[in-house]
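Down below are the structures I want you to see.
Shared between the two complexes below is chain A, which has chain B as its partner in the first and chain C in the second.
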Partner chain A sequence: MSRQHYLKAGEVAFSKMDKVSAELLALTYGSLVTQLLKDKEEIESVNVQLEKMGYNIGIRLVDEFLAKSGIGPCQDFRDTAEVIAKVALKMFLNVTADVTGWNSDLTACTLVLHDNPLNEFVELPASMAGLKYGELICGVIRGGLEQVHMRVSCTFVKDVLKGDDTSEIALEFKEILKEEFVDEDE
Partner chain B sequence: MLYSFYLYYRHYCVYHEAFNHGRVAKDLRGDQKLISGLLFSMKSFCQKINPKDLGPNALGNPFRSYSTPEYKLHYFESLSGYKLLFMTDPSVPLLRELLSFIYGSLVVEQIIKNPTFDIGERLTGHPLAPAFSKALNDCVQATPFFASLPQ
Partner chain C sequence: MATVYVFVIVGKGDQLLYEADLSSAGKRDDSPHLDQFILHAALDMVDAQVFHTQQMYLKLVDKFNEFFVSGYVTAGHIKLMLLHKHRNEDNIKNFFQEVHDLYIRTLLNPFYEVNRPIYSSGFDKRVKQAGKKYLT
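Right after this comes the complex of A and B.
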């Protein structure tokens, strides 16, 4: 399906969502990250924890996405990336992304975020250069896709908070998880 | 006439409810396992004999219903692996939209979005079950087929 179609679907899905003020979200998320930085000694383990929290959100959020967006099965991974960029991000964060930088096998791409509401009011000191501030979003994407039988890796590679021109998420397809029949008694 | 409702996650039944004093299953757990096996087999069967080639990565379950002279099974599956089904008498038209509504409005809103519920946990016996049961009953009793006599 076309990009235009997904943009439209994103608008429709966004209109169905309960809204919360962007400032409230940004400040709540900020205090979450600040607390994690206090609790953890290493910045890297904060990144891991944010990703894990995102994953646990993602495995629930995907159902709300499926129920409200009306998006059916994707034809291929390119389709999936467009749905995330144009429909899912729009629906939950009111932003869209451009999908660029495909590799030749069409298994890896980059999502260029036009805006990131989580970054509002945020300044990273130089000592926090290793922090992936918005990594929770990457966890949500990974968790959500895993529920629909797709294993991916996903992480921030560029961030305007660190002085880059854009915020970019690298998304790489790993494998389709086969649905297997499991007898729970065995 | 609606007889019963089942909710599966992946391959196991997480919730079951009978309506209209439907037959009390002699071996509910056995029935649930048989249904689970049927759904899995029907999915691969429907995909395999499809005259249109969908390729190896066809997602979603194309199976929708089957009926016998005595009853009909209505089926809806989300891409994320939640499976909802009704058993009704065979005169009831396909209730996929109702199942899809129950998924979107009850299962997602009341269960999946509730942090006290762990994904994959059984809903039967969970503190959220009574409220879900009430909402489910309100929802199905509003359909014109709920207690109509079999034709």
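Right after this comes the complex of A and C.
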């Protein structure tokens, strides 16, 4: 299916969703991150924790996404990346991303975010250079895809908060998870 | 001769949050050390006047020789104060309102702790821009 098709599907899905004030979201997320920074000693463990929280959101959110977006099965991983960039991000965050930088095997790409509502008002102090502020989103993507039997790795590689021109998420396909059947008689 | 504009933000408990010298370049014929004393002395005048008006902009709050002190108090009782020698109420009011806006944006940044000094370089830059725009 084409990009235009996905863009439209994203608009439709977004219009169906309940809305919440962007400021409320940004401030809530901001206090969540700063509280984590107070609780954890190292910035790296904050990144890990944010990713874990995102993962737990993702494994639940994917069901809502598939139920409300009307998106059918994806043909390949390229398709999946487009759906995330154009439909899923639009539906939940009202942003879209461009999918670029495919490797030759078509297993790794970069999502270039046009905007990030979580970044509103945020100015990272120099001492927080190691913090991946939006890492929660990466966790959501990983969790969501794991529920549909795809193991991926996902992380921020560029961030406007750190002075880069764009925010970019690196997405890499690892493997298709097999269903494990447990025979109860054994 | 330089035109004198010294701007400070004072928080709760008279804690200094931010300080900027927005004076134009050039030699001053008085001692810059006086600035802090005069602003400091004006704090009590601000506290006295803040309940006499509903406006945030308090206009002139204090005088010392040829110096004037203008004040502006936000809803959270953060005091913006400007030391100056020229009377120019409209421009000073506009300047305060713009800095108030900038302060609110800083306050919304989750990494800024309330009533702590403001170290943000973006804030500093924008305050100086506002100073150039309104106070020259």
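To be clear about the criterion, the second predicted complex is superposed on the first by the 182 of 186 C-alpha atoms of A that agree within 3 Å, B and C clash if a C-alpha of one lies under 4 Å from a C-alpha of the other, contacts with A are read in each partner's own complex, and residues count from 1 in each chain.
Please note the rule applied: a residue touches a chain if its C-beta (ideal position, glycine included) is under 8 Å from a C-beta of that chain, and two chains touch if they have at least 3 such contacts.
Here the structure is a predicted model, which is why all the values come from computation and not from measurement.
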| item | value |
| --- | --- |
| Contacts of A:G72 with chain B and chain C, given as first, second, both or neither | first |
| Partner chain(s) touched by A:R60 [first = chain B, second = chain C, both, neither] | first |
| Partner chain(s) touched by A:H5 [first = chain B, second = chain C, both, neither] | neither |
| In the superposition, chain B vs chain C on chain A residues touched | B |
| First (chain B), second (chain C), both or neither touched by A:E123 | second |
| Touching partner for A:S31 - first (chain B), second (chain C), both, neither | second |
| Set intersection of chain A contacts, chain C complex versus chain B complex | none |
| Of all residues in chain B, those that touch chain A in their complex | 10-12, 33, 37, 40, 57-60, 78-82, 103-105, 107-108, 112-113, 119 |
| Chain B-facing residues of chain A, complex | 59-60, 62-64, 66-68, 72-74, 76, 147-149, 176, 179, 181-185 |
| Chain A residues touching chain C - in the complex, by the definition given at the top | 23, 26-27, 29-31, 33-34, 121-125, 128 |
| Interfacial residue positions of chain C with respect to chain A in the complex | 105-106, 108-112, 119-120, 122 |
